[in-house]
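Read the structure below first, then the notes.
In this document, chain identifiers A, B, C, D and E correspond to the written order of the chains, with residue numbering beginning at 1 in each.
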Amino acid sequence: MEYVSLTIGFIVIIAGLWAIMTNRNILRMIIGFSIFDTGLHIVIVSLAYVKGGTAPILDSAVGINEAIDKIVDPVPQALVLTAIVIGLGVTALMLAYAMKLHKEKKSLDIMSFRDLKW
Amino acid sequence: MDFDIKRLGFTLLGLLIVLNWGLLMSSIMRKLGARVAKRYGIRWFQPWLDLVKNYALRSQISHGIMFYLGPVFRIGGGVGLFLFMPMIIGSELWLNYSFHGDLVLLMYFQFFGMLGMALGSGEGGHPYSAIGISRGLSQFTTIEVPMTLAIISLAIQYDTLSLIDIVKAQQGGFQNWTMWTNPVATIAGMFSLLGALSHSPFNLVKAPNEIPIGPPTEYHSTFLGVLQTNAAILHVVEAALFMNLFFGGATNWFEFILKTFFIYFWSVFVGVVFPRFRIEQSVAWFLKIPLVFGVLAIILYM
Amino acid sequence: MSETKNNNKFENPHYAKREVTGPDGKQFIVDPIKDYFSDERPKVYEPNSIPVVEKFLNWARAESLWVLGFGTGCGSIEIPPLMTPRFDAFRFGIQSRPTPRQSNVFIISGYLAVKTLKRVIRSYEQMPSPKYVLALGSCTINGGMYFDSYNTINRLDHYIPVDVYVAGCMPRPEALLAAFNRLKELIKEGKGEKANEYAANFDWYKENQKKIIKDWNMPDYNW
Amino acid sequence: MKQVLEKLSASFEIEDIVYQRDDLTFLSAKKENLINLITHLRDIEGFSHFVLLSCVDWIEDDKFQLTYFLNKPEEKYDLGIRCMIDRKEASMDSAHHLWKQIATYQREIKEMFGVDFPGSPGVDEPFILEGWDNIPPMRRDFDTKQYSADTFFPRERPKTNDPKEYMKEQMHPGEWGEYRKEKK
Amino acid sequence: MISPIHIISIGLGTAFALGFLNKKSNGLAVSLMLVAIALMAAVSSSWFIKLYQGAEAIEVYTAGFKPPYSINLRMGLNEALLSSLINLAGFLGGLYMFKNLKNTGKHAIMVFLVFVMGLNVIILTRDAFNLFVFMEVVSIATAGLIILIQDGKSIQAGFKYMIATGIIAGIFLLGIIFAYYFSGSLNIDDISNSNLLAFKGGSVAVLMIIVSVVLELKPFPANGWALDVYEASDPGIAALISAASATAMYFVLFKLMPIADLQWYKIISTAGLITFVGSNLFGLKQTGARRLLGYSSIGQLGLLMTILGLKPFLGDKFEYIAITILISHYLAKAGLFWIAGLLKKDKLKDWALLRKKPLFLVLFGTFVFSLIGFPPFPSFFGKWELIMSLSQQGLYFTLAMILTGSFLEGIYLFRWLGYAIKMESNESWTFKLEWNKVIPPVLFGILVYLAGYYSSTFAENFNGLYFIALAFILIIYLLDFLPAAVKNILSILSLALVSWYMLPGLYSEDMLRFIFTLIFLVGGILTFIAGFAYKGKREGFYPVALLMYAGLAIIIRASTTLEFFFGWELMTAGSYFLIIRGKKSMAHGLSYMLFSMAGAYAILAAFGLSFAETASIQLSSLAAVGGNITVIFSLLAIGFMTKTASLGLHIWLPGAHAEAESDVSPMVSAILLKAGVFGLMILMIAMGNNPEATRVAYVLGWLGALTALVGNLAAAFQEDAKRLLAYSSISQLGYILFALAMMSHLGWMTAMVYSINHFLYKSILFLTIGAVVLKVGTHYMYKMGGLIKNMPLAFIAVLIGIIALAGVPPLSGFAGKWLFYNAVIDKHWYFQGVIVFFSGIIAFLYLFKLIYSVFLGQLKDNLRHVKDISIWFAIPIYILIIGLMIFSAKPDLVLKPLGEMISVWYPNAGLSWEGGLATAPYGYWNGTGVMITIGIMFMALLGWLLLLSSKAVKVGQFNIVYSAEAPQRPETTHVSYNIYAGYNKALGWMVAPKITEFWDTMSDWAHSLAEYGRRLYSGNGQVYTTYVLAYIIAFYLIMIF
């Protein structure tokens, strides 16, 4: 069971990539990217999971001494927060780009933005 | 090298003999041609007359310095070749100035006159001169190839490039001549002689019917006389070169005259038989048959 | 006389004055007649001062006659037989040359159109002195059958000096040989000085020549 | 050929058809129609070969007659087309566009007769005469003997004899000499 | 010292503070930003200075804990250097984009600052996740800059960039998490210490980390997005991406490599190599400047990646190599992008406009040469060390590929440089220069020279004195505003000084070098004298000419292969500029450069191989080579033969020499070609005695003979006088090659005599013909004619020149011919000898054509008033003629010392002397005697003719026999064009341009390959993403197998 979330994470990542690579619509690609990002986050969190562990909060339920065994690794969770923020930033910027691109060519098809090549 | 008045005297005498023998040979040649055509032909002294006449003409024109110097270079080439050619073996004095240089010097000194003549008639500004020279040079480049091969073959054979030594090695009898000891090189050399004397079929340079006598078109009176003088000397000297290389040289003037006569007439006989080649034909011809003989001559002696 | 006639109607465009730009960008006039030809007048050459020498030289000149290979009219067909075994002019020291520079004898072989005369004058003047002229046939003497032609000269000796006239229409090679022998005699006698005569009376000859050669576009004397 | 020429005669105003031989016919055409006619003959009727162009001076009629000779190689048929043109303003349309070599004939006719062919290449350049400044020499009003006498320093001609008489005297001087004296 | 963390705090703080500024005060904002970056730069550079002086690297713990509990920054020497570089680039880039940023607004300024700050953190941080964060920050900032400073297509490029980097960052994050999972730490040192590869699945972590960083470095072919960014974004930004971002990313890879093992190094080096060769190949077909620079940037990154991959093999040389090449790339690429931004023209051919601002042309040239690795730039030393180390390690394939890639890069960069220098341009457009856009490239231009000097100080056995020469050249360049005469005097003085310094010592020690010094330097002085004939300033001529002479002098002085190669490349660069100065010489300059570069790489490879064997870079150690001698010998011979223009490698020469200026032609023909001869002699002295080398020399002999033949034949069919002389040079060098290859006493004697003679008469001929060409304004001989009347001085010079060249006695050319015969017979190389002899006679054809067509025949209308050649040309010509005459009259003066010199190497079968009479094994020759005999005879005959015909009438040029007509125009009477038509019919097939066709075909193939290859980059962002994923999968597959 412990690998379920990990597997799901990877599946989501691949689904995201699939979405990026098969959709010609830029917005759909951005959505694909978001899915990919989400998949990443799932993977990160699930890697930190310790079987039977609790949330990494040191309180009465988990004492300092037993924390090492009882709680899940707190660092990836912290990392995920940062990663989500960054992913948000990236997605926002992508959307801004999508807007500008649409303004330029009145199209959201990635195939119509091939002025630069070779 | 100190100045030797006796040697100079002998050399001048030799030059005189060579000149007159050359004129006589050309006279005989023309007479012979006439007799082949069933004519009486010229009187035997006609070349001397023509020479005197040309020197005696009164008016001359000049196209410029180089036009003037052209004949000087030309006769310088002929006389120089004579100077560096051993004439009679066995006499120290008839060797002329051949102790200054070897066969290579002789080979390259031929160009001296040619170059001068080319430049002189070039300054004449006549288009036919230029055409004649271009043909002459073109043909000459290939004539020299079998000649060089033959000479290298001889140099291998005799282990020297010194003409005197080559001649000396052929002394002591008829059977020692290069003609017998190295026949292939002799054939290559004699082919080359045909071109060097520019008789038919290799007389495209002057081609009187086509480009009025080619390079010397503009030359007349004294200049022409000088050129005629040179022609007489040069023909004998070239024949002498071949005599020295292939036919045992000469130990006295009689032998010299006899041998040069036959060498010279080899080209005359061929010329009577064969019509003129075009330039690309003669160039290609020299790079075919004589070249094969030349290469063979080296391979046989390598 | 020294001024060449410049009749525009007949001017050869190649000999017209032209303005040329040099490689440095400067412009200048090129006058081909002046710039490309020598305008020196012919000279009278004195015979050698020593009579014996002159006699010897004359003998050599007489015995070595080189003929210019220039056939001007119908008579030129008579010259080749001269060299054949039948007549064999070689034995008299006669041979033909393709260039006037190396010739001594000019055979005017028959009628002369004005157009040809111009070339004849040029070739004659290019021959080195002393030089001799053999005029062949009645046409050169009085125009012959072309006496009333609008384009054929009547008397050659008004245009170039003639050493020997050979009458006939046409003279046979034998006559030509006889003329050669006569020429030889003249030369040996020291009378083959017509080239000097031409130089001495140069102005008169030129006047006659220019009278009929209307498009005179060469220098007075062609060296 | 006859039918052809008759058919043409209407459209090109051909006159004076003379059937000289089986393979030679002369005809006359007007100056205006001439070029059209020979163009037609060349392109339609197969007279592809131009033989010559000649000129005759009919000074009495004040005309020049130009004759264009054409040839039909397939039938070995020659056709001479004559054309009379005015002598005073002697001018004719050039036909060098049909056959290049006509230009040379035209140049010669220009020089010798003064018939102009405007537009023909090189027609004004001298052809044989260099520097000719008189009236064209082939015109019949040009006095060639007088010209020669004026120009070429005529040598005084020897007295001419009746050859018959002269030779008699030469061959039999005695006999006939007496006779002649007596007769005089 | 200020803590490095303040670099970040300054950046971030200022960025936040900018937000409070008034909307209208954008100018102030930019200034503030610049101040901030300057402060950051000050901090990092002060650290750099301190660390460079030997201080210990420090660690900064942000939260006060040691890792893994907090993020730590490290400030070591490398970090300090790189962050200084980044801050410098950031500062200058900000300055450059001052107006742009100001117009765009505060957002852009903030983003810019964050961008620079982020790069600093990337360099400094030792924490993997922090690295990820700041890589993302930089990536967002880059995309933000691209979108903020809009430039049409840049948005498309930016979007592709975002998609690709987004995925790459995701993979990187995954890798970090896995690494963390296995190692329990985010600190890079901890991760690498924990030996990830030992874990099952740990290698996947390594894979993902490494591959994503590699992808950030834009490896081929997963780099389409990067190319678009380079092409479309504002050049100021592109400069930063190319210089600063790439530097940072490279350092990231460097930091992260310890987590992987040796196999990964190999993979990376292969990937780098593929990128280097691939992108340089595709660069061939580019027509736009910025995309071209993109390809070049990617190629350089590939090279750097290769070097990183080779780190285990390079040992302690690694840092030196990597830093020199990195700095070269950093300075040059930023500079080039900045210039591209200034020019505002993207088509390569429009770069001709750069000529209007010579300073920028110089900068452009500097950057191009520094990119390719010419001295004195740092990459030269880097490449040298790289090649040496590679061959020492036996990595021959890598070595070959690196040289191939560099060569390909050279092709397009030099073509581009050629466009800038020579392309025809009619546009009257000028570019306005703003001070803030001028300073950055100028500063980088200066820096690249300083860096070059600095890196040379690390090179072993390298004489720093050579930089004095370069400094002098720089001074001459700075004096370029002076009139030409002054610079000419300075140049002559400098050459005289160098000769005075070098010659006396060499005379007693080393005859060979003495003679070549004479040829190089005295010849240089003589050709410089001709320079007085030029009016005006001759901008740029003197520095490059001196550069060539400096190179030549260094070659002579060189005692190590490094110095030799240094001089060789300097000479190549100088001569390239000299050649390309001529009219219409754009293409010829390029082909010269390409052949030279290929030759130089052959030499470099050979030096490398020899170093691998003997572990010494002394030139003398070449003699100790034993194993690879055939390869080394052949490579060196090919290298030198590109300069001597032997058959097959000669196609650059005719055009280059023919189109060069009048006094440059002798420099590049009579003097420069001898450098190849000198090289060959050095080579043969060192290796000649080895039997294997003798076998190669046999081939060289045939090659020389055929070169002589083909060169002379081709010369005979030329219509262009200078082209004719150029072909003649080819064949003369063929003789020399042939004679050298004989490797006998007489053979070398022949070669030396030919070298001296060729120097003498080819200088005479080229100078004279050049001077004539200057006067008559055409190269074509059939347009000249009859000039003897106007130019007697020139005529005499050419007459003497051609008599000497033809080898007609009595002039000195005959000495060579005579020696040649004896040598050939002595060596038994008969057939080659006959070929050479044959070509020697063919020389008559073109020599006659030369003198006849130019000086004889009919004078043309427009040349009637031409004056004789300039006195400044006549002086050196006649000095050379005097030299030639002395050599001719007293050949023993030269031949005796030569014989002694050659006896050292080949003691047998020399000449024996008896007064003036020289006796060889086969023949004998008395030069003095021949001269006197011929002189007396000639004077006597002349006197005779003068006596007979002193009264000849001087006539005009049309007074010729013309079949009773007179010529009408000189043009139609002058027979000159295609005068050897008959000869051409018979032998023309020999000179059909087969070799040119061969090289053309090669070039076509390369270009077709590039054309088809670059279609990979279809312009579709999705396709690029696919490539990225495919790249990762490919890495995975490689890893598991």
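Throughout what follows, a contact is a pair of C-beta atoms (placed from the backbone, for glycine too) under 8 Å apart; a residue touches a chain by one contact, two chains touch by 3 or more.
Predicted model, so just to flag it, every value in this text is computed and none were measured.
With contact taken as defined at the outset, subunit A and subunit B are each touched by E. Of all chains, A has its CA centroid at the greatest distance from the CA centroid of subunit D.
Set against the C-alpha centre of subunit B, every other chain centre is closer than that of A.
The pair with more inter-chain C-beta contacts, choosing from C-D and A-E, is A-E. Averaged Cα coordinates give subunit D a centre that lies 80 Å from the centre of subunit E.
Taking each chain's centre as the average of its CA atoms, subunit B and subunit E sit 54 Å apart. The geometric centre of subunit A is 109 Å away from that of subunit D, both derived from CA atoms.
We define each chain's centre as the mean of its Cα atoms; on that basis subunit C and subunit E are separated by 70 Å. Residues of subunit C found to touch two or more other chains are 38, 99, 101, 223.
The set of subunit B residues that touch two or more partner chains comprises 59-61, 212, 217-218, 221.
In subunit E, the positions touching at least two other chains are 953-955, 957-959, 961. Interface note: chains touch in the pairs A-E, B-C, B-E, C-D, C-E.
On the side of subunit B, the complex with subunit C involves touching residues 30, 34, 37-43, 46, 49-50, 52-53, 56-61, 208-209, 212-213, 217-221, 224. Residues of subunit A that touch subunit E in their complex: 13, 17, 20-21, 24, 26, 29, 33, 36-37, 40, 43-44, 47-48, 75-76, 79, 82-83, 86, 89-90, 93-94, 96-98, 100-101, 104, 110-111, 113-118.
Interface of subunit D with subunit C (complex): residues 126, 128-134, 137, 142, 144-145, 147-149, 151-155, 157. Subunit E meets subunit A in the complex at residues 129, 133, 136-137, 139-140, 143-144, 147, 150, 153, 155-159, 162-163, 166-167, 169-170, 173-174, 177-178, 180-181, 186, 224, 227-228, 231-232, 285, 291, 1014-1015, 1017-1022, 1025-1026, 1029.
Here subunit C touches subunit D in the complex through residues 7, 9-10, 113-115, 118, 141-143, 147-155, 158, 208, 211-216, going by the rule given at the top.
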